[in-house]
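Letters A, B, C, D and E mark the chains in the order given here, with residues in each chain numbered from 1 onward.
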Amino acid sequence: MLLGKVVGTVVASRKEEELVGFKFLLVKEVSTDLKETGSSVVAADAVGAGIGELVMYAQGSSARQTSLTKDRPVDAVIMAIVDSFDVDGELKYEKYSAT
Amino acid sequence: MLLGKVVGTVVASRKEEELVGFKFLLVKEVSTDLKETGSSVVAADAVGAGIGELVMYAQGSSARQTSLTKDRPVDAVIMAIVDSFDVDGELKYEKYSAT
Amino acid sequence: MLLGKVVGTVVASRKEEELVGFKFLLVKEVSTDLKETGSSVVAADAVGAGIGELVMYAQGSSARQTSLTKDRPVDAVIMAIVDSFDVDGELKYEKYSAT
Amino acid sequence: MLLGKVVGTVVASRKEEELVGFKFLLVKEVSTDLKETGSSVVAADAVGAGIGELVMYAQGSSARQTSLTKDRPVDAVIMAIVDSFDVDGELKYEKYSAT
Amino acid sequence: MLLGKVVGTVVASRKEEELVGFKFLLVKEVSTDLKETGSSVVAADAVGAGIGELVMYAQGSSARQTSLTKDRPVDAVIMAIVDSFDVDGELKYEKYSAT
């Protein structure tokens, strides 16, 4: 999977019928230092992700292995909302910081 | 899926027989700010897209999950025509603007 | 699929037995303005393409959906010989020009 | 497979249910001279890899062929911990050097 | 498939059990003018390739279609040893040159 940031929503009323019912989010890939790589995808949402959230998304045939996307013509799916991650022992990202 | 702009049609009379009957469109990938990324594909059309339209297209094995492309040797399919999308709360694209 | 130009042939006598009988062609990917992208593949030929011809080729699992390549360990196949294509209403390529 | 270096862990409590139970590691791809390529993935761990270790990871549908990941929506898996590798007859990496 | 040059061997004693028994070779991708593209993979060897040899390798699910790799979690396989190839009618590579 790749790390990505949800940046928006895509609306498409005219679509392949197998896609009806999915929510499509625009996801920008980010690197391990949270910089945008320049790559982006339109992904189906399997976890109720919101704009601005850091997520993990799968691509290719693996994107069809969720209960939501089974046998659907979907090649990118948001699989998880990232709580935190660290790089070389240093906390790089934490969703909820203590106050 | 990726965002792309339909820019043309490809005609090929001599082809693998499993491809007969498809309409092949030339699609240039665009980024979330609607700039061309430099990448392009020849995609089968599952939704009746026209030249100049912004579309979502799937690649790889997922491209064979539509009723149209089931078990066909197709690795890129136009899945939807984009009505609108937003990035960071700002409307970036709208197909029909009000007058 | 991608647009490519057939530039040569690859000869390999020692190979995985499932590959015996295929003709392998060297294909350079070209962009929609017919410039080489710098990427190239060795593709099985499903349509009798010749050196210099502009073709459409599929990659990945879709390359195993032709009658020729069914269940064979082939990840790139030439699917069609391009007659012509246009970009933004302008004819960019035509195989046979009138005299 | 690709060579990568495990650099961290990703925590995600809200995720697609098929992902529950996996440990997700952040892996940076490295080239044959052990330099980072700039590409990174979040991979499921099939071998108990630790931070700092050099590993081999698989992507795409092959990532679903381990006993751990069978039919799970996982598109990247750490498959092996590299002991050593050589390039052009020269030892480039050795996990345990003699003392 | 892609053209590559075998440059080394990877040793990994701790690995996913489905990988036991494979020989893993380090392969650098080369372009049609035999220059390294900068991309490299760790590939299972299906043909007994040696260091320095020019090979064709498959990636993705096609890498699991050889008798050796059937249903194994392998995403790159050396499929053939290249004897020769030509580009635009010119012989670019020949394994055994006459003396």
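By definition in this document, contacts are C-beta pairs under 8 Å (C-beta built on N, C-alpha and C of every residue); 3 or more make two chains touch, one makes a residue touch a chain.
In this text the structure is predicted, and so the values were computed from the model without any measurement.
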Field rot_deg for pair chain A/chain E, CA superposition, rounded to the nearest 5 degrees, holds 145
In whole angstrom, the CA-centroid distance of chain C from chain D equals 33
Chain centres from averaged Cα atoms put chain D and chain E apart, in whole Å, by 21
In chain A, the residues touching two or more other chains are 60-61, 63-64
The ring order, beginning with chain D and continuing to chain E, is D, E, C, B, A
In the complex, chain D touches chain A at residues 7-19, 24, 26, 28, 38, 40-43, 51, 60-61, 63-64, 71-76
Interface with chain E, chain D side, in the complex: residues 1-3, 31-32, 46-48, 56, 58-68, 77, 79-89, 92
